[in-house]
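What follows is a group of structures, each given as C-alpha cells.
The two complexes that follow have subunit A in common; it is paired with subunit B in the first and with subunit C in the second.
Moving on, here comes the complex of A and B:
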C-alpha cells in the first residue's frame, strides 16, 4: 500500500490549512453571491443536456445497434429466452405445476422436507429444525404460493450471480487491465439506484420475471466479484508456488489450487448474493416478478398493516433459511465417501428424492398434502391495524411535538444551508479535501465529479440528497456505535442484536414506512426514519467487528498498567477499532443512499424522486442521469473516507495487517 | 383453493381440446393481461381474463407497473392493459399510440373522478364547504393547517407523477393553501386513515373508483367546472391572467393494448372492445374486496354468475 511510503510519524493534517480553507469557503458562500452569481446557480446555458443524449443513445441501442448478423435487442432477447426456460421449469416445479398436462406442483410438505434434509446434511438437526420452522412459518401465514414464486426467481438468480461473479472475478484477478476497467463499473452497479436502469432493462429483456432476474443480478453480483478478486489475491504465496512447482496448468491452477484455497472468503460473497437478491424482491415485484413482494405492496395499498407485516416477515424467513443453509454448506468439510453402494454414500439425497416422490403421489390423493389447507392458516388479522390506531390516537400529539422540534431546529436549517452553498465552492472544498487526504488524483476526481453534478442542472436535488442522507447517517451513527460497543462486550446481547439487524436488513422498508406516514405524515422526517432504520445496520455491525478484532494482548497490557475499563475502551479499543468504524461509516452512507428510491415514495424532493419520476415516465435518459448523480455522491464520500481511514491506519501503525507488529 | 386449482387444470385441458374447432384462425399463444397494484384494476383485469378464458383463449396475468408497462405493450411482450386513466395516464398513452404499436380498445365505461376531498367532520370547521370559495376564508384555511404550514392550509396532493396541476390551481385561484406531494397513493391514504382516526384536519387528493370514498364519509370540493379552455387559455375563467382556475377533469378509463392483438386473436380483440362496466358495479366489488375481505377471484366469479348474459354478449360477436 501507498501508506508504507509515508514517514513514520505522520504529520497530522495541517490544522491551520484546513481552518483557512474552510473559512475561505464560508466567506465565499456568505458574501460571494453578489460577486459571482454563476458560482451559486449553474447558468442554464452551461448545463449539458446529458439526459437527452443518453435517451437517444438508449433508443439507438434498442432499435438500430447491430453486430452485423444480429441486433443488440435480438441478443438481449436471446439471453432472456435462455433465462426464461429454466425459470419456467423451476416455477412449474415449485408453484404453478403444469396446467397443460394437468399436473400439480410439488407438495408443500415435500419442499419443506427437502430443505430440512439439506439443512440436516449441512448443519445437523438444529439447522434442519430451523429451516423447517422458517418454511412452516410461511405456510401457516398463508403465503406458500407467493413464497414459491419468489423462491423460483431466487433459485435462478443466485447460482448465475455466484458463477458469473466468480468468473468475472477470476478474469480480473488474472488481468490487471480487466481489473482496472471493472472497478469503476462495480462502483456504479452498486450505487446507481435500481429504478434508474429498470426502463432500459424492461425494453431490452421484455416484461416479466426475466427482466426482474436481470435487474437482481446487476444489483447482487458486484459483492461476489469484489470478494473473488480480494480472496484470490490473498491466497498465500507458498500455495501458489507449490502449485507452480508440481506443474499445474493454468486451469488447474485456478480450479484446483486458487479457488479451493480461497473458499471461505468466496462463500461470504455467495452469502451476500443471496441477501441482496432477497433485498430486490419488492422492486422486482413492481416489474412483473410477483410473489411475496407483490403481497407486501398490495397489502399496504389497502393499508392492511398486518398482512403487509406478515408477507414482509415471510421474506425474512426465506432469507434466514437460505442464508443459514448456505453458510452451513460453506463450513462443510468435503471428504468424499468411498466404498459402499450409491445409496449408502448419499443417504440425504436418497431421502430427499424419496420424500419428494412420496409426497407428490400422496398429494394427488389427499389435497392437504399438495396444498397447505386454508383452515390451518393463521393471520394476525386486524390486530396490527388496531395497535396502530391505538398509538395514533394516544400519542400523535407527543410525536408531532418531537417531530416539529427536530424539523425546525435541525433538519430545515441544515437543508437551507446546504442548498444555498455555491457549487463552485463545494467543488473546490472537496478537491482540497482530496488533495490533503490523498493527493492530486483524488482531488481531480472529487472536484470534477462535483462539477459534473452541477452541470446536469440537478444541483438542488443533489444537495437535498446530501442533506437527507447526512442527517440520517448522523443519527444512524449516534445510535449504532453505542449499541455496537455494548454488544461487542456481551455475547448474549450480540445474539439478540444480530437477529434484529438481520431482520432490519431483509424486511422490506415499505412495511414500516406506511405506519410511519400515519404517525409523522409524508415528508422528510418520515423519510429520515426509514433511512436510519436501514442504515443503522452497518453502523452496528462494523463497530462490533472492529472492537472484537482488537488485539487482546494490548487490552491486557492496558489493564496491567492500571487503566480503568472506561480508559481501556476510549484509549485503546475505540482508537484501534477506528478504521473499521470508519468503514462502517462508509457503508452506512452507502446504505442510506440506496434507500433514497424508497423514500421518494413518501414525497421527498431529492435525486431519488427524480429517478422515480423518470421511471414512471419511462424516460431512460433522465433516470440514468439522476442515478449517476447519486453514484457520484457515493463515490466522492467513499473515496474521501477511505483516504482518511488509510491515513488513520498509517497513523496507528496498522498499515497492511500491521496490527500484530504494534 | 385446491378445488379451484384442479378446476383450472381441467379448464386448461378443456381449452386445448376446444380451441381447435372454436376458432381455427386464432392463436393459442397466451394473451398477456397486465396487473397493477390497485384492487379495481385487478378486478377489471381478472373479469376480462376470465371472460376470455370462458371463450377458450389462453390467458396469462403479468404484474407490471402502470406507466412502465407501455414499453412492453409496444414490443408485444404484453398485450392488454385494462385501465388507463384519462386523468393520470393520458400523456403516456398518447406517446405510446403515436408509435403506432399501441392501440386504444375504447372506454371501459367507468368514469374517473379526482378532486380535493375532505372528511365530513371538517364541514363543521369550515361551514361554507363544499363550495371552493369557502377555502378562501383565512379561518377556514387555518382549520386545515398543521404547525409547519400555519396559517396556510395544507393540501396533500398526489405523487408528482400524477400531474393534476394543483400548484397552479392554488396560484390561479389565490387559495391560502400549501401543496405537499405524497410519493405514492399508499402514503396518501395512510395519512387519511390517520387523520380520520383522530378526527384531525385533512384535505387531500382522493380518486374514484376507490375504497376510500366508500369507507370514509366525506365530500369533494366543488371547484368551477373544468373545461379545456380553462386549462389552456389564461383569459378564460375567474382569474384572467392564469390558467388552471377550475377543477379537474372527469375522465374516461381506457382499455389499451398491443396493436397486434386484433390480428393474432381477432375474436378476443372484439371481446375486449365490447367490455364495459359502470362505476357502481365496480365500486361495490372494490368494497367487497378491500373492506369485507373477499378475494378478487370470488368477487369476479360472483359477478360472472350474476351477469352471464352481459359477458356472453361480449364474446359471441
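Moving on, here comes the complex of A and C:
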C-alpha cells in the first residue's frame, strides 16, 4: 500500500457563508420580534385545521366510504374477522382452552416442553435449556397467563408480518413502479410514532386484540419489506443469469432461485419482525392487546416498580427465547434425512406429540401439571419497592441536587432559547443548511416541512420535542462515543459491551422509564434520562463499527510515519470513521424521538403529549397531525445528517456507503 | 487444421451492438446502423459491444479473448439474450433470436443452451445432485428421471460420491465441475462458458482445461468460451476472436493469430507465445523425400510435440493426414529454428 495516502482534509462548506447565515438568524431571532411578530408566532388565521379535516376524513371512511361492491367499514370488519378467527384458535390452545368442547388449554409444561423441543431441533441441548429457563422464569414470576395471551398475538402477527413483508418486497423488486411508490410510504411508516396511528386503528377496528395485531403489523412489517427488497437486489447477478439461462418461469425464478439465494438476509428480516412485534407488546396493550404489556402498563400507572419490572423482564424472557429460536432456525443448514422409518426421520415431531398427549393425560390427574401452582410463584416486587424507598430516603438530597442543577443550568435555558426562536427563521436556516449540504431539492424539503409544522399551530410543542431530543442526544453521544472508542480498541471490552447493548435492545422501551420515574418522579429530567438510556446503544454501536472499518493499511501507513497511538486515533481513525459516527448520530436521534413519544406518560409537554392526549380522547385527526410533526422532525434531521455524511465521505475519498475501496 | 471447411456455422452474429445508457435503442436506430466511436461517446452512451460479426461453427471451440472491460461478457450475454442487444441479428437454426418471443427464447434456453459462470453461480441451498438436476426440474422432469440424468453427468465430470454434498463443502475446482455438470444436464447443443476457470488457482486451472478438452472430445458441443488469458485461448481454441473496446480485432485459428497477427494490439499478445506450441506440422512441412521417413506424426500435431522425436537422433519425420497417408515431411533444422523462436515468415 505504497500510495495509501492519508485522508485529505474534509472540504468544509464555505465557512464564511455559514457564519453569515447563522449571524443573520441570531440577529433576527433576538431583535426581529417587534418588527415581524407573525414570524415568531404563527397567527391563528394562518393556521390550517389539518386535525379537524383528518378527523372528518376518518369519520367519513368509517361511515360513508364505499368501494362500490363493499364499504370501507365492511372491509375493516372483514380484515378483523380474518385476524380474529386464527387468534381465537391460538388463544384457545395457549390460554383459554375450549369451554364448549370441555378441553383445557395446553399445560405450562406442554408449552415449555414444545418450545424446548423446537430449540433442541434447531440449536441442540444448550438452546433447549435456555428456552426452558426463559419459560420457567415466566411461570415462576406468576405471569404465565399474561405471557400466553401475548404469545398468541405474536404467533398470529409474526407470520402475517413476514409473509406480507415478503410479498410486498417481492412485488417492489419486480416492478420499479411499485418500488417507487412504496419507499416514501415506508419512510413515513418508520418515522411516524406508533401512538399516532393507534388512534385511527382504534376507531376503525375497535378496542381489542385485533386492533392490537393490526397496529403490530403496521409497525413490524416495513423493515421486512425493506430487507426483502435489499436482499433480492443483492442476489449475485450470475445467479439471476443462471435462473434465466435454465429457463425459469417467473414463479420458479422467485421461489426456487431468488428467495432461497437471499435466504440468510431474509431470515434476519424475519427475526426483526419478531423483535419489533415484541417491542410493540406494551404499546399494543393500550388498544386492547392485554397480556404482559397490560401488566407493565398498569404497574406503571400504579407506580408499582417491582411488578412493572417483573412483567417487563418476562417480555424480555419471551423475546430472548423467540429471538434465539428464530436465529437458530435461520442458521440451520437443512440436510433432509432420508431412509429409516417415519419415526427415526422426525424424532422431534414424535417427541412433541408424545409430550402433548402425556401432559394432557397427566393434567387430568394432577392439577399442577396443567396450571402452574400459585404456591410455587415468587415475586421480587416487595424487594424492589424497598430498595427504591431506601434509595429515595438516603439519597434524596443528592438526587434532587443533580436534577435541579441540570434543569436550571442546561435544560431550561435551552428550552427557552428554542421556544423563542421564530418559525420563519428556523425554516430559513434549515432550508439554507439543505441547500449547502445537498441542493435545492433538500432545501425545499427541509424548509417546507418546517413551515408545515408551524402551520399546524403546534410550534411550541415541536420545539419542546426538539429541545428534549437535542439535550438527550447530546448526552447519549457524550456517553456513547467514548465508550465506543474504548471498545473499538480492545476486543474483550467490545465483546462485553456488545452483550450488554444487545440485551438492552431487547428490553421494551417502557422498562427504561421505570427506574427513572422511581428516582426522579415525573418531568422533563426523568424523560431525558429514559431517552438517553434508550438511545445510547446506536451511539456506541456505530462508533465501534466506524472505527473498526477504517482501512488497516492507512493505520499502518500512519504508524510507519511515526504517529503516536493518540495521533493515529485522532488524525486517522476518528477522521475516517466520522461519516459512520454521523450515521450513529442519526440513529440516536431516531431512537430518541421514538422514546420521547413514550415519555409522554411521565408528563412532558411536547408533541408526544399531544399524541398521547389524542389517544386518550380517541381524536384521530389530532393524533395523526402531532404524529406527523414528529415524523417531519425525524425526516429533517435524517436527510440533513445523511447529506452531510455523504459530503464527508466524498471529501475523504470513500466510496458511497463502503469504507473499503482497495 | 482444426476448422475443417465441412463444418457448418451454427450461430451467426451480424452487426450486433450493445449500447448501455438511456434510450440507446432509439439512438441507434436514428444514428445507425453503424455509428462511429466519436458519435457514441458524444451521445454519452457506453458502447460495450460494437458491430460484431462472427460465426460459430458446429462442434468447434470458439474462444473470445479480450482484456477486462472489452465486452466479452456483454457479447456472450447478448448471444443468449440475457441482455437485449441494441441492434443487429443473431441467427440460430436459420432464425433470428432477437425476433423471438420471450416464451420461445425460454424454450431455446431450456433445451439448446447451457452456460457456465465465472463464479460458479451454484444455488447454496441445494446439494450437488439438486443443483445439477435443477435445469431438468425447471423443465418439469420427474424426480427419478432427472436424478438419473444428473448422476450420469456428475460421473462425467468426476464427482461421483459427492452428490449429497453442498456447494459450501466443495473446493473451487469441484464447484466449477458442478457448474459444468449442471450446464450439461439438459444436453444442450450450444455451450457458453464465461471465464469458467478464471477464479481457480493456476494448477487447478490447467487440470480443468484438460478435463474440458476431454469432455469436448466426447461430446462435440458447439462452444463459445470466454477468457482473458491468451495462453488458455491458445490451448483450447479451434478458433479465437480477439476483442478490444467492444470490437473484434482479429478472428482466426491460434496458428493464424500467432503467425500473422493483423493489428499491433494482437501482436502484443502473441509476442510472448512460443511459436512451436502453436504451429502445426501441416503448416511447415515440405514435400516428402524418398525413402519415406521412418517416424510419422499427424499434421495437426504442434511442432513442440514433434520436438522430442528428434531427440532420438532422427533427422526428419513424416507428416500424415487424418487417414494416415504421408503428405509431407519436416526436417530437424526447421524444428530447431521454431523451438528456439527463430520463425521467419515464408
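Assume the second predicted complex is superposed on the first by the 583 of 662 C-alpha atoms of A that agree within 3 Å, B and C clash if a C-alpha of one lies under 4 Å from a C-alpha of the other, contacts with A are read in each partner's own complex, and residues count from 1 in each chain.
Everything that follows uses one rule, which is that a contact is a pair of C-beta atoms (placed from the backbone, for glycine too) under 8 Å apart; a residue touches a chain by one contact, two chains touch by 3 or more.
These numbers were taken from a predicted model, which means no experiment stands behind them.
Chemist: With both structures lined up on subunit A, is it a clash or a fit for subunit B and subunit C?
Modeler: After superposition on subunit A, which the two structures share, subunit B sits beside subunit C with no clash.
Chemist: Touch check for A:247: first (subunit B), second (subunit C), both, or neither?
Modeler: second
Chemist: Once chain A of both complexes is superposed, is A:99 in touch with subunit B (first), subunit C (second), both, or neither?
Modeler: first
Chemist: Quick check on the superposed pair: does A:199 touch subunit B, subunit C, both, or neither? Answer first, second, both or neither.
Modeler: first
Chemist: Under the stated touch criterion, which partner chain does A:303 make contact with: subunit B (first), subunit C (second), both, or neither?
Modeler: first
Chemist: Among the partners subunit B and subunit C, which is in contact with a greater number of residues of subunit A?
Modeler: It is B that touches the greater number of subunit A residues.
Chemist: Examine A:294 and indicate which partner it touches, taking first as subunit B and second as subunit C; both and neither are also allowed.
Modeler: First partner only.
Chemist: Looking at A:407 after the superposition, I want to know if it touches subunit B, subunit C, both of them or none. Which is it: first, second, both, neither?
Modeler: first
Chemist: At the Cα centre of subunit A, what angle separates the centres of subunit B and subunit C, to the nearest 10 degrees?
Modeler: 160
Chemist: I want to verify one number: the closest Cα approach of subunit B to subunit C after the superposition, in Å.
Modeler: The answer is 46 Å, the least C-alpha separation in the overlay.
Chemist: So in the complex, which bits of subunit B are touching subunit A?
Modeler: For subunit B paired with subunit A, touching residues are 1-3, 5, 8-10, 12-13, 16, 34, 37-39, 62-72, 75, 77-78, 91-92, 146-148, 156, 159-161, 180-191, 193-194, 197-198, 200, 211, 290.
Chemist: Using the touch definition from the top, list the residues of subunit A that touch subunit C in their complex.
Modeler: 236, 238-239, 241-242, 244-249, 252, 256-257, 260-261, 263, 333, 335
Chemist: Which bits of subunit A are touching subunit B when the two form their complex?
Modeler: It comes out as residues 97, 99-100, 102-104, 198-199, 202-203, 206-208, 285-290, 294, 297-298, 300-303, 367, 370-371, 373-374, 389, 392-393, 396, 400, 404, 407, 510, 513-515, 517-519, 521-523, 599-604, 609, 612-613, 615-618.
Chemist: Name, in rising order, each residue of subunit C that touches subunit A in their complex.
Modeler: Going by the criterion above, the answer is residues 77, 80, 82, 106-107, 109-110, 113-115, 117-121, 123-127, 134-135, 137-139, 164, 166, 186.
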